[in-house]
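Labels A, B and C are assigned to the chains in the order they are written; within every chain, residues are numbered from 1.
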Amino acid sequence: MRKLWRGSGVHLGLCFLSMFAMIPLLWMLSVSLMSPGEASSFPPPLLPQNPTFDNYRQLFEYSSMGRNFLNSLFVASAATLLSLTFNVSAGYAFAKLEFKGRQLLFRWLLSALVIPAQVSMIPLFLMLKGMGLVNSWIGVLIPFVASIFGIFLVRQYALSIPTEMIEAARIEGASELRIFRSVVLPLLKPILITLGLFTFLAAWNDFFWPLIVLTDSEKYTLPIALASLSREHVQDVELMMAGAVVTVTPVLVLFMALQRFYMSGTLAGSVKG
Amino acid sequence: MTNWQQRPWQKAPGMLVVVVIVLSAIFAACTNGSNEDDVLELKFWAMGREGEIVPELLKEFERENPGVRVIVQQVPWTAAHEKLLTAFAGDTLPDVAQMGNTWISEFAALAAIARLDEKADASSVINERDYFPGIWATNRLADGLYGVPWYVDTRLLFYRQDVLRAAGIVRPPRDWAEWMQVSTAVKKHVGKDNFALFVPLNEFDLQVSLALQQGVPLLRDGDRYGNFSSPELVAALDFYLDFFRKGLAPPFSETDISNVWDEFARGYFTFYLTGPWNIGEFRRRLPADMQDDWMTAILPGPSGPGASTAGGSSLVLFEHSEQRDEAFRLVEFLSRPETQQQFYEISGNLPPRRSSWRGDRLESDPYVVAFREQLERALPVPKIPEWERIVQELRMVTERAVHEKWTAAEAARELDNRIDHILEKRRWMLAREGRGDS
Amino acid sequence: MKPSVAGWLFVGPALAVIAVFFFLPVLAAFAISLTDFDIYALADLSNLRFVGFQNYADLLQRPLFWQALRNTLYFVLVGAPLSVMVSLAAALLLNGQMVRFKGFFRTVLFAPVVTTVVAVAVIWRYLLHTRYGLINYGLDWSGLPIVDWLGDPRFSMPSIILFAVWKNFGYNMIILLAGLQAISVDLYEAARIDGANARQRFFHVTLPSLVPSLFLVGVLTMAAYFQLFAEPYVMTQGGPIQSTLSIIYLMYEEGFKWWSLGSASAVAFILFLFMIVAAIGQLVVMRRYGSGV
C-alpha cells in the first residue's frame, strides 16, 4: 500500500514536471492557430475559437519565412557535412594513431574548451571582412567546420575500437586511408550520427554568429528572421507563434527520430577525458 | 554496437548525406535562378513599415525601367542603425537605403555614403527650393549634400477627444503647465488602472524635443561636451520625469504594451506621443466607431506651442555602389510629387516637399493639420557622428531616472558624464585636425 | 605510409582550421583590446590609437559594466544551481523503480533542450506578459498578486532564470540519470540493512556517489550560463533599465552595435577571466568535499 502511494507520488511529480516542460510548447501551437488579436484578451484563451492556418499563410506569403527555412536547412546540412569531414578523422587519429606530440596536443585542445567562442568573434569578423566573406555562406559555416568538442566526442568513441582489428588490416597491407574508410568508419557509425545530429541542431539553433555575420535578410536563418520579426511585429503574437512553430518543429522531429543517438552523445560528451 | 546494427536506422548516415546533397542542389538552383544576365539589380534597404509598403510603389518604377529590378530588404527600426553599421563594417552595404536623417553625418564621416550635389543639381525632379528648408538642412553637411529627404517625421500628440470631453476639457493643452493640468485631470477621470499619457520608455523623442524647446544647445564647446547639466535642460528633464513621478504615464516600454492601438482604443492611455506614420495605422487599426474620437495636437512648449524634432528619413546612395546612376533614378522616382502622394496614402508618412502637399487628400486631412504646424517649428539636432549613441544614452539614463526616482539634476550629471566619454575620440580627432592645420 | 605520418595528416586539416579561425582570432582579440579600434578606425586605420590597458580601466569605471557583471553573476549563481536542482529532482523521479512510461517522460522532459532559444524565448515573452500572459492568469486565478515580469527590473532576471531552467534542465537530467544508474544496488542494500531510511540513504549513498556527475554538470552549466545572450536579446533587449544586460550582451552592443571593437574585446577577455576563475573555484571546492574527483 505504501509502495503504491509512493509510486503514484513519483508519477505525480513526473506529470507536474512534464506539464512544466510541455505547456509552453503546446500553447505555442495553440496560439499559432488563433486569429489575429485573439490571444490578447483576458482571460487568455487556451484553445483557438476557430482554428486557422492564416498565420502560417501570412508567414510564408508576406514575410520571407519560406526562404529563411531553406537557408536554415542548407546551413545546418552543410555544417553537418563539414563537421563530419573534418572532425571524424582527427578524432580517430587522436584515439588510435600514434604520432609525436599526440597527448600534449590533445591536452592543449581540451584546455582550450574553456575559451568562450565569443572571444574570437570580433577578429574573426575582421578576417572575413578582409576576405570579402561577410554575409556569405562560408562565413556562417566557418565556426562549424572543426570543433574541439566534435573531435573529443569522436575520440572517446574511437577508443573502444579494438586495436587488433586495425593492426590486422595493416599486416594485410592496407593503407591508413583504406583502413580508416573500410574498417574504422563503419565501426564509428553511431558516433557519426550523434556528431551529425549535434552539429545539425547547433547550426539550426545558432544565433550569435549568424546575427553578426549575415547582413542580408535574404540570407537570414530562421532564428535571426524570427528575432527580427519579433521586434518588428511585437503586436502580432499569433504570427510570431506560427514562426516559432516553424522554427522549432524540424529540430523536435529530428530529435524524436534519433533521440537514442542524442542521449548517448550527451553522455559521451560529458565523460571527462 | 552489434545491437545497434540491427536497428532500422542503420542506413541513416548514408540517407542523410543523400538528402543533404539533393537539398543543397535544389537550394543552389534556387539561389542562382534569379540572376538573369541583362537585368540590373538594385539593392534597397527600407526600414520598418516602409519596407513593407515600398515594393508596391516600385512596380511602376520597374515598369518604367525594364532593365532594372529593385530588391527591397526590410530592416526593423530597432535594429536599423546597427544593421547599417555592420554592413558598413562588413562591406555589404546595398545600393540605396532609407536612413534616419540624424544618422547622415555619421555615415558621411565614415565615407560610406556618397555626395549627391552634382546629381541633385542636374536633376529635373529634385528641386531644393521645393523642400522644407529645415528638413533639407538635415541632409546638408559642411562639405555637401548627402541625402534626399524622403518623408518628414516629427513627434506630436495623438489623443482621445471623447476622453478629454468627458473629463471636462475643451481643447488640447498648449503649454507645459496646461499639459500637466490636463494630464492630471484626465488621470483623475480614467482611474487608477489607466493613464493620461503613454511615452514609451524605450524612445527618446520627447526628451529630445523638450530639450530643443529650451533654445539652448544640447552639446557645448563645438559639440565636444554634453550640455544637459545647464539649468534649461535640467528643467526640461524635470518636466519629463514629472509625468512618471505623478503616475500620469506608465513606466513601460513599447514591448510591454503588446498592441498600442488596441490599448489606445480601450482607453488605457489618452495621449500618445508618436509620429505621422501612425495616422495610417490608427485609421486601419482602430475600430470604425472610434474614428471620430481621436485627433492630433501640436506638442506643447514651455510657453505656448513648442518645437519638436526635425526628424524623418532620407534616401542615400552608397560610395561603394557601382550603380549609383540607376540608384539615383530610383531616388528621383521616389521623390516625384505623385509618388510621394501615393506613399502618403498608403503609409501616412508626410512628404518633405511643398508640391507633394498640394493633393486633395493632404490638404483636407484634419489629422495632418497639426503636423503641418508642427513642421514649421521643427528644430534640428546636433549633426555629429556620435549623435545616435548619445540619444541612446539619453534614453537609458531617463529610463533609469524614472525607475530609480533620480532627480533631474542627477540624471543630467550622469548623462553628461556618458556623453563626454563618448565624445573623447571626437575631441582627439578635432585636436589632431587643429594641429594639422597650423 | 607510417601511422605517425598518417596521424598528422588525419588531424592536420581540423587543427589548421582551429588554429586559423579560432586560436589566431583569440590572440588578435587580445591585441585589439589594447587599442581604441572603433568605427573611425574601421573607416581609416590612421585613426587607431594604441591605448594599453585603458579599455580595461575604462570598463572598470563604467557603472554599466559593473551592472552587466552583476547581472551575469546573478544569472550564473542563482540560475545554475537552480537548474541543477531541478535536473536532479527530475533524474531522481525518473530513476524510481516503479516508474512506468520512462521513455515517454524522458523524451518529454528533454524536448525543451533541443528547441531553438529564440523561438521559445518568443513564447516565454508572451507567457510572462503582464496582462495577457498565462503565468499572471494563473497567479490571478489562485488569488496571488500579479507581477510585471519583464517590465519590472526586480523580476526581469528571475523571469529569464525561470526560462533558462525550463529550457536546460533536461540536459543535466540525462547526465545525472546516468550517474544514478551507475550507483551499485549493493550500496543501497547495505544501507538498508544498516537501517537507514530513505532520507539517510539519499544523503549518505546517493549524493556522495553523484558528486563527480554533479561537478561535471555544474561546470558545464556555469560555463554555458556565463554566455547568456539570446534570451535577453529576444525577451527584454537587455532592459528594463539594463537589468538583464549580460556581459556578452554588453560585448555585442559595444562591438557589433557601436563598433567599439577595442572596448568589446576587453569585455570578452574579462568574461574569459571570470569563467576560468569560476571553473578553478569549483574544482577546488569539489576536491575538498568530493571523494571521487
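The rule is short, and it goes like this: a residue touches a chain if its C-beta (ideal position, glycine included) is under 8 Å from a C-beta of that chain, and two chains touch if they have at least 3 such contacts.
Everything numeric here is computed off the predicted structure, so don't read it as measured data.
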Taking chains as nodes and touches as edges, what kind of graph is this: line, ring, star, complete or other? complete
Name the chain whose C-alpha centroid is farthest from the C-alpha centroid of chain A. B
Take the average of all CA coordinates in chain A, do the same for chain B, and state the distance between these two points in whole angstrom. 37
Taking each chain's mean CA coordinate, chain A and chain C are separated, in whole Å, by 17
Touching two or more other chains, which residues of chain B qualify? 78, 86, 89, 255, 258
Would you please write down the residue numbers of chain C that are in contact with two or more other chains? 125-126, 131-132, 237, 256
Contacts with two or more other chains, residues of chain A listed in rising order: 40, 125, 212, 231, 237
So, in the complex, the side of chain A touching chain B is made of residues 37, 40, 62, 70, 73-74, 77-78, 80-81, 125, 128-129, 132, 134-135, 187, 189-190, 192-193, 196, 212-213, 215-218, 228, 231-232, 234-235, 237, 257-258
Can you list the residues on chain B that touch chain C in the complex? 78, 81-82, 85-86, 88-89, 109-112, 201-202, 251-253, 255-256, 258, 385, 389, 396, 399-400, 403-404, 421, 425, 428-429
Residue ranges of chain C touching chain B (in the complex, touch as defined): 36, 38-40, 42-44, 47, 49, 58, 62, 125-126, 129-132, 148, 150-151, 153, 236-237, 239-242, 256-259
For chain B, which residues count as touching chain A in their complex? 1, 4, 9-10, 12-13, 16-17, 19-20, 23-24, 27, 30, 48, 52, 71, 73-79, 83, 86-87, 89-92, 254-255, 258-262
Which stretch or stretches of chain C touch chain A in the complex? 1, 3-8, 10-11, 13-15, 17-18, 21-26, 28-29, 32, 86, 89-90, 93-94, 96, 98-100, 105-112, 114-120, 122-127, 131-134, 137, 166, 170-171, 174-175, 178, 212, 216-217, 220, 223, 226-227, 229-230, 233-234, 237, 248, 251-252, 255-256, 261, 264-265, 268-269, 271-272, 275-276, 279
